[in-house]
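Which chain is which? They are A, B, C and D, in the order written, and residues in each are numbered from 1.
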Amino acid sequence: MSENWHRDAAAVVTLTFDVDAETPILAQGRAYARHATTMSHQAYGPEVGLPRILDMLDEFGVPATFFVPGWVAEHRPGLAESIVERGHEVAHHSYSHRPPTSMTPEEERADFERALAVFAAQGIEIVGHRAALWEAGWQTAALVAEHGLRYDSSLMGDDRPYLVDTDAGRIVELPVHWSLDDWEQYAFLPAPQVGSVIESPWKALELWRAELDGMRRYRCLFNLCLHPFLSGRPGRAVALRRLIEYALECGDVRFARCRDVAAAAQADPDLPVRRPAPPPVDPDVYPS
Amino acid sequence: MSENWHRDAAAVVTLTFDVDAETPILAQGRAYARHATTMSHQAYGPEVGLPRILDMLDEFGVPATFFVPGWVAEHRPGLAESIVERGHEVAHHSYSHRPPTSMTPEEERADFERALAVFAAQGIEIVGHRAALWEAGWQTAALVAEHGLRYDSSLMGDDRPYLVDTDAGRIVELPVHWSLDDWEQYAFLPAPQVGSVIESPWKALELWRAELDGMRRYRCLFNLCLHPFLSGRPGRAVALRRLIEYALECGDVRFARCRDVAAAAQADPDLPVRRPAPPPVDPDVYPS
Amino acid sequence: MSENWHRDAAAVVTLTFDVDAETPILAQGRAYARHATTMSHQAYGPEVGLPRILDMLDEFGVPATFFVPGWVAEHRPGLAESIVERGHEVAHHSYSHRPPTSMTPEEERADFERALAVFAAQGIEIVGHRAALWEAGWQTAALVAEHGLRYDSSLMGDDRPYLVDTDAGRIVELPVHWSLDDWEQYAFLPAPQVGSVIESPWKALELWRAELDGMRRYRCLFNLCLHPFLSGRPGRAVALRRLIEYALECGDVRFARCRDVAAAAQADPDLPVRRPAPPPVDPDVYPS
Amino acid sequence: MSENWHRDAAAVVTLTFDVDAETPILAQGRAYARHATTMSHQAYGPEVGLPRILDMLDEFGVPATFFVPGWVAEHRPGLAESIVERGHEVAHHSYSHRPPTSMTPEEERADFERALAVFAAQGIEIVGHRAALWEAGWQTAALVAEHGLRYDSSLMGDDRPYLVDTDAGRIVELPVHWSLDDWEQYAFLPAPQVGSVIESPWKALELWRAELDGMRRYRCLFNLCLHPFLSGRPGRAVALRRLIEYALECGDVRFARCRDVAAAAQADPDLPVRRPAPPPVDPDVYPS
């Protein structure tokens, strides 16, 4: 009986959606709340993009994972529950979408726990976490372990799941990567200034197919991160359909929720273990 | 009899042209008036790009909407009228092209009304508005309603028309999006610094075809925003021809002026209603 | 007998090469002279790229125009003459490559005249001018006329030649455009920071073919601006070969030096006349 | 008997890998050591990307050159040796990855010698050098010569090897170029801010094939610079496979280590000799 994390699939696809709504913009400055167009650009995510994506996932019968900031779940009651009801996973994506690297340890802990309280109040079971902006600090994994979660999905130390040892216990890391993110392909805003050229959905599809094919060769986790306010747009949704169709046609690709991959990874005796720690920096070598 | 806003077309195309001329540059700093090359780059829009585009629209017999800053209409007498005479719509695009988010409410109101006065003096009937830089504030829609206009085209809360309730009454929103804008594909200037890589017209065509096809699937408003100083260039004009030809070949796409879409939207009983308001921001959550 | 400026060709191609060498970098800060790699990147232009381009032009038998800063001609004696000897034109491209918009009128005049003195001393006849960075000021065209030159090639007010009236007389403008420049496609430097993504030569070729085809439709001047330190690289030189081959295959494209186009333009009775002047800016409208 | 540097091949390919790990980030500010995700993104290079690349090179039987900062070799004992054992070359890539242009001559010398000491202690023979960020200063080549190395690979003055005369002796330069670097195609980080759009591996392959074909025409050195944390990713590794396959299929391309090309260059009597020196800068011409 196979016990490897990928269950003998050539690659495992975790479709993940960061349902950020207004939070990444407010985290850059609360004055942006005055920008009506920018706020509407972000609200499009939960209001238009998310239902479209949920319908598409239903149609294909593939499961997904939705990383939701606590602030978003709190200000849009029912959103998290509606995702779980469709058979998908909701996971922890900070409360405010302020990145750990911009906070003190106390602030990070408070933000982390405030999100857990929101989900607990809504009856949403949480077993995984992704840091805002993927900007984890060295204490982030320990926070995840301490609060009894099973996995984190913020680091880039591999392209397959790995185990992370912390002072508070061991968790699974489901690594991400900038190339598997729709932000760099599609995001554009004048204020705050985000992006430059906007790519065609077919270019993004080409890139992600290339990575999926590479990952099928090397037995990796294709941990794709999409944002409903970006990939919920019509042309991009069609390109995402093609990507899912392609993966299904491959015949050797499994779709799974992050929590299921994390469980399989915990049962895999051959997974590498890392203990993340900052590199030593000598002020004589790096003076500034 | 069908009463839906799209009149049973799979997608509705509103070709819109923002005839900005020098205004977006001057709004970034009046010292740029000293830059002769940059000013000539902007003047190309009304002087070369616009006539070329008007001829092309005649050839295809498709209507369009031209958003003109009041300053441009005032400094180029006859421009707005020449557009209307060809069967197209002229709409309000601020006076100075300074974005509402950069002005006080009083400044925004004064700028808004100054543009209306210019068009009134020229006998141009105005029923719609688009904020400069698409950077509407929360009071912008109420200004539009208060002055008796029918629609706004500055927000991004959907990809279909929606109704916006304001204290001054209800208007139609014809939403825009950065991906349906030629600025991100083509604009480049060294001072003020704008853009980076300049895309091929065929790449822009690929992107816009992808969005049009997606919008045909989801019954959306393909509200394309082009600038005569950018898309009036020869190679880009040819790509725009191909886009129009493609849309006509689809057989399920309607071309319309914004005002006609707004009228159809007002008559559609199923249109969603939104009441735009800023998100609540707690300084404890977003301290900066 | 035909007297139009394009001599009945569908489009006229002026291949122009800005032989800038180190000057655009030094103009951004003379401290960059300390950067050995950056300086070598710029020196590649006259030392490797230029001979390769001259050989290629010989092979195709097409003429070109080389805009050379006076500083470059002075520090590399024989360079300008070697270009003229191959049948091409050398034209004025400032002395220092500091843009007119960054100088006082007195500084611009001194820089302009210093370049003329260099070329006079080398026996190079100069009849045309292009502003550094294409950043002409409003007095630039008058300087060109005052010194008896026939044409300028720095403005963007059209895509066909036009006449410019100045207080010092009338000259021809051979307009340029950012889309017909290799800088936006290829340039990258970390310090000074220039560019972002580097495009493939095939993408640049696609863009320029699109513009050439558009210009054949609209009877324009395809005034391509290339830099030997960029387009002299092997893969880009091959793409340029293909562009030249394509233009030759079209059968309706003429290649010409700028001076010859300018002479033809002066003889065309139908050319539009413009009198460049800064737009009026009211500090109440544009306060900053 | 042929004595030219390329041994009659149409082009010579030096696959080079800059095994930078965390150093380029720490060189931008040691505070980035706090960013766990960014550090994991860099650690991926030696831990995941490098073994994958070494296996691929074995499979094709092609040799390569690995430029390793002394800091990396020191903090990851065995890394340099494991590369040499597979038949490849390890070369000098500074100690700290701080660029020479950011250091005093004394700092540069100390950094340079500290790296040599690391390699000496590990028994790694070093014959070549590449400046951090390719940002050599004018004294860099003399340092290389003074310490008895045979070649440098940091300048851009040609696309074929050339000889560099310094006060400390003559060395070979194996020139690099931004277009033959995976950084501009793939690198993205939010903090420090790096990159914008992320390109598809197929686009990078198209660019590099174009350059290789151009270099086959002009008999050049295709000195490709890749980073294991970038090009070791699955989809990019597959594109690199295709590039190697393509080069092998050409039949006229040689793969070689840098040291072997340098030796062949030293034996070529026709190689050009340059003596790099800063251009003269007159403060009257370049005041800032």
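One rule holds for everything that comes next: a residue touches a chain if its C-beta (ideal position, glycine included) is under 8 Å from a C-beta of that chain, and two chains touch if they have at least 3 such contacts.
Only a predicted model underlies this, so the values are computations on that prediction, with no experimental measurement involved.
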| item | value |
| --- | --- |
| Residue-number overlap at the chain A/chain D interface, same or different (half cut) | different |
| Copies chain C and chain D - rotation angle from C-alpha fit, nearest 5 degrees | 90 |
| For chain B paired with chain C, centre-to-centre distance based on mean C-alpha positions, whole Å | 34 |
| Averaged-CA centre spacing for the pair chain C and chain A, given as whole angstrom | 48 |
| Numbers and ranges of chain C residues touching at least 2 other chains | 195-197, 199 |
| Contacting chain pairs - touch in the sense defined above | A-B, A-D, B-C, C-D |
| Chain C to chain D touching residues, read off their complex | 22, 26-27, 29-30, 33-41, 43-44, 47-48, 52, 71, 75, 95-96, 98, 186, 188-191, 195-202, 233-239 |
| Chain A partner contacts - residues on chain B that touch it in the complex | 101, 131, 133-138, 140-141, 154-159, 175, 177-179, 184-185, 195-197, 199, 203, 206-207, 210-215, 217-218, 220, 276, 278-281, 283, 285-286, 288 |
